[in-house]
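The following blocks contain the structures, represented as structure tokens.
One chain, chain A, appears in both complexes that follow, with chain B as partner in the first and chain C in the second.
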Partner chain A sequence: MLGSVLTLVFVLVFNFFLFRVVQTDPIGSLFRGRNVPQATIDNLRVAFGLDQPIGTQFLYYLRETAQLNFGISYQSRQPVWDEIVRAIPATLALVGISSVLSAVIGTLGGIVAAWRRNTWKDHSITSSTMVFYSMPDFWLGMILLVLFAVVLGWFPVGGITTAGSNETGLARLIDQAYHMFLPALTLTLAYLGEYTLVTRSSLLDVMGEDYLTVARAKGLRDVRVRNRHAVPNALLPVVTLTAINFGFVLSGAIAVEAVFSWPGLGKATADAIRGPDLPMLQALFLLFSAAVIVFNLIADITYSWLDPRVEEI
Partner chain B sequence: MTSIAMQRRRATVSRVWAQFRSSRQGMIGLAVLLVFVAVALAAPLLADVRELNPVYARAQGNPQWGPPSVFPPLGTDYIRRSVWAQFVWGSRVSLFVGLAATVLTILIGSVVGIVAGFVGGKVDAVLMRVTEWFLVIPFLPLAIVLASVLGRNVWNIIFVIGITSWPSTARLVRAQVLTVKQRLFVDRARSLGAGGGHIVAHHILPNVSGLILANATLAVPISILTETTLSFLGLGDPTAASWGKTLEEAFVNGAMARNAWWYFLPAGLGILAVVLAFTLIGRTLEEIANPRLSRSR
Partner chain C sequence: MSDSLLSIRDLSITYHTQGRAVPAVRRVSLDIEKGGSLGLAGESGCGKSTLANSILRLLPAGTEVTGHITLDGKDVLGLTPGGLRAVRWTAGAIVFQGALHALNPVQTVGDQIAEPMSLHRTVADDDAAKVRVVELLRRVGLPAARAESFPHELSGGQRQRVLIAMALACDPQLLIADEPTTALDLMVQAQVLALLEDLKEERDLTLLFITHDLSVLTYACERLAVMYAGRIVEEGPAWEVFENGSHPYTRALAAAFPTIGDEGSRMAPSGLGGDPPTPGDLPGGCPFHPRCPLAHDACLPAEPELRVSGEARRAACVLV
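Up next is the complex of A and B:
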């Protein structure tokens, strides 16, 4: 708990100094080389508190951050936080659904692979997940997009709703799900591998245990031994992995969102890099870090709750 | 170094090699990797570097968006450059950045891990706290922020990857150092009057080097994939086009809407092959270093 708070403090300090290092002249970057009277610049320096010593500036930064005031986006001229809040639901929906699907399918694949180890089933599951795991996720997205959207025309090429449509309610939801299919498929395939490999090696470890021999000696059928005795004990690392991966639910799909023009935080990041839109990047980085820290804490708590041998944190 | 120690080390190397040779996945990975290293080294023989220059490509009369059937072997891009030349020369950049970033990662991670594990006490506590911080900060956003702050060139990319991915190595090395430190031969060396530097160089390092090597091999895929993603997001070096940069240019210039598959398939397949090769080699080395891990029991 204390560790998480300390980490958050570290991220705050790091974030402050990192952007001070680059942005030697924030006022100048605001006007992008246009001619501005020196008096205006001086006024702005005072208004932004840039005439203050660095310690005072840091306090300003803490106060503004606490009020979720991250400044104005260079690109859209809107408050950064408003932009971010608008982009959160799209990312949560896309990455959330993909994370759940990949966790479930990946774990099931890992169970089958371990239980039938060294058979053709194991080999095909393990090698195909390793291939998906080894390719850049956005490249997989590019291939799926060209194949299913450009060549076959089964799915839209990008965005979250059909342009110009003003459907509401259920029709709108179906339209959005239709747009989500390809990016969600991409992310699910890209995330699968980790779950399969972790589940497989964890279950293989458990399979040597004596209590499985006991369960078999009692005459239990193979399926029951697997589902009631082996799998529950092998799932602990998978639970941790799931919790940790949920920390990346906000930041996990930067390049894939860019490929599919999915209007979420990932695409906002990709767009901010092109600027570079520094206030936007700064706020996104803070948000992404906070998400990871919170979910790591949840992972720790879940872990010690599921496995009492782990000491309370 | 005494000749006995040399002999033992030579014996270890040949034993590891014998084990490695008997692993099918390891040998497949090694073969694939050697092919790509050969391509990268022989780039000047395989494709004229001038093919990368759009002015030259236009003067040669190359077609725009020419598919492989029109302009063999791999077609041309939106400014008439040969895709094959980009693939061949891109392999150099991708492999170089991947390897150099890994060297930096392993260097930082090993130094932190060895110092923390060997010195112990307060130094250990502080170093591990810092390591934990870097472990928790999301890796890709941090790399993106650092890269956009530092500017677009190859050395910055290498630095960014190195500085963001060392913590897991540091943890692993520290744990191994802690167990090696307990061994009798370290006590023996110390009682014979050996200093800290000597013990680290002659007793600790040889005993953690296997682990470091396996870890390094598994770190290369992460480095290469990170470089690819950073380049794809527009943070790559404009003067040294990697495979990731090729993918970015294909994406930005509308290769997908044109179904110009020949433009973005080769670079991605190259990344996939190299990453898979390093993963296979790394897993094999890991199994040799730690037989308990063996995945195909």
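Up next is the complex of A and C:
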């Protein structure tokens, strides 16, 4: 618990200085080399606080961050926090659904593969998930995009709604789900392999344990030996993996969101890096770090709840 | 013997690992009458645990088992999967070694003791199961509150008691105790032995007791069988076999324990040189001859069969 707080403080400090090390000229990049009167530039420097010494800037940063004021985006001239809040639902929906799907399907696949080790089921599950796991996710996304959106035309090439449509309610939701299908498929396939491989090896470890022989000796059916005795023990590391992966839900899809022009945090990050839009990046990095820290804490708490051998936190 | 509870005839068990055939048990025949007790002794790797696990057919898939096992009148090797599950834990139950991970670390010991009761419907409902769990825990000398404990919260001796309580859950006729005192300190060993003795008397159990510790067996069992390289090399009444073994291997095993009152034996218990043969690579003739102090030419041509060596005694040695 204390560790999590300290980590957050460290991230807060590190986050400020990281972006000050990068030598950039935000005002210059704002005008992209156009001729602008020096007075205008100076005014903007004052407006963004860039005329202050670095120590003062740091204190400003701490004070404003505490109030969730991350400044004004260099690019859109909108408050950074508003931009982020607008992008959160799209990312949560896309990455959240993909994470849950990949965790559930991947874990089930891993269980079947381990229990039927060295059979055709095991080989087909392990090798197919391995293929997707080893592919870069943006590349997998591009292949699916070309195949299903460009060549076959079954799905839209990008975005979250059909351009120019003004549907509301259920129709709008269906339209969004339709747009989400390809990016969600990409992410699910990309995350799947990790769960399958971790579950499989964890269950294989457990399958050598004596308490499974004991369970069989008691007269339990094979399926019940698996579900009651083997799986609960094998899932402990998978639970940790799931919780930690959920920490990356917000930040995990930068490349895939960019490929599918999905208007979420990942695409916002990709756009901000191009600037670079320092206030935006600073806020995004802080948010991503906080999410990872919080979910690590959740992982620890869940683990201590599931495994009686671990002390309560 | 018609009143045998467990009867094993010509049992051979061969593991197949990486394309190699490894004979772990070779043509073993054994009988335990109802209410009797048999101790099975031998070094690690002699096949005694394989033999124990074969009685409830707990060996890994792909293991070749030939011969006959009759438990409580049922042909164990011929049972259907459902029939086999019904026999497990009711006709025969196993007291596993507590030092191993025989208890599921994420379930309370109470749940693990109750599990076979509800499975075999030997209790009316969950409440009755709870009552019986407490009874069993008390009987093996543990407080009722231990039902809520997880295995890691117990000492080695307590875990062993839990495993005994668990084996008694469905009132089995045959109790197979597989190294139940191994890895316990001497005081606890004695307590666990005394407990098994008491339970055997009180519940009229038939006992198959497996250990490498010959002195434990002479204390706990009426009859004794000594295994070497997958075969039984000597069998007979426990004390006679221990004190006056016919087979050189039995004598070597017995001599490995210091005799109480004999200072000399305590300072220098005589051991047996060398290692037991690898099951996949047995020496020709009598498999014990490379380590036998009495080996001579007659040991080499063929493996000796068990033959009568006294009243109710058998041994497999050319000198008998």
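Rule of thumb we're sticking to: the second predicted complex is superposed on the first by the 276 of 313 C-alpha atoms of A that agree within 3 Å, B and C clash if a C-alpha of one lies under 4 Å from a C-alpha of the other, contacts with A are read in each partner's own complex, and residues count from 1 in each chain.
Everything that follows uses one rule, which is that a residue touches a chain if its C-beta (ideal position, glycine included) is under 8 Å from a C-beta of that chain, and two chains touch if they have at least 3 such contacts.
Bear in mind the structure is a predicted one, so any value in this text is a computation, not a measurement.
Trainee: Looking at the overlay on chain A, is there a clash between chain B and chain C, or do the two fit?
Mentor: Here chain B and chain C can both sit on chain A without a clash.
Trainee: Given the touch rule stated above, what does A:P263 touch, chain B (first), chain C (second), both, or neither?
Mentor: neither
Trainee: What is the contact status of A:T7 with respect to chain B (first) and chain C (second): first, second, both, or neither?
Mentor: First partner only.
Trainee: Between chain C and chain B, which one touches more residues of chain A when both complexes sit on the common chain A?
Mentor: B
Trainee: Kindly classify A:V292 by the partners it touches after superposition: chain B alone (first), chain C alone (second), both, or neither?
Mentor: After superposing on A, A:V292 lies in contact with chain B but is clear of chain C.
Trainee: Answer with first, second, both or neither: which of chain B and chain C does A:P279 touch in the superposed model?
Mentor: Touch status of A:P279: no partner.
Trainee: Of the two partner chains, chain B (first) and chain C (second), which one does A:G109 touch, if any: first, second, both, or neither?
Mentor: Neither: A:G109 stays clear of chain B and chain C.
Trainee: Once the shared chain is lined up, is A:S201 touching chain B (first), chain C (second), both, or neither of them?
Mentor: A:S201 contacts chain B only, not chain C.
Trainee: Could you grab the smallest C-alpha gap between chain B and chain C in the overlay, to the nearest Å?
Mentor: Value for chain B versus chain C, nearest C-alpha atoms: 11 Å.
Trainee: Just which bits of chain A does chain B share with chain C as contact spots?
Mentor: none
Trainee: In their complex, what parts of chain A are in touch with chain B?
Mentor: 3, 6-7, 10-11, 14, 18-19, 21-22, 117-118, 130-131, 133-136, 138-139, 142-143, 145-146, 150-151, 157, 200-201, 204, 247-248, 251, 254-255, 258-259, 269-270, 273-274, 276, 278, 281-282, 284-285, 288-289, 291-293, 296
Trainee: In the complex, go through chain A and note every residue touching chain C.
Mentor: Interface residues on chain A, with respect to chain C: 209-211, 213-221, 229, 232-233, 236, 306-309.
Trainee: Mind pulling up the chain C residues that touch chain A in the complex?
Mentor: Checking each residue of chain C against chain A gives 53, 56, 58, 85-90, 93-94, 96, 100-107, 115-116, 119-120, 150, 152-153, 166.
Trainee: Inside the complex, what are the residues of chain B that reach chain A?
Mentor: It comes out as residues 129, 132-133, 136-138, 140-142, 144-146, 148-149, 221, 225, 228-229, 232-235, 244, 247, 250-251, 256-257, 259, 261, 264-265, 268, 271-272, 275-276, 279, 293, 295-297.
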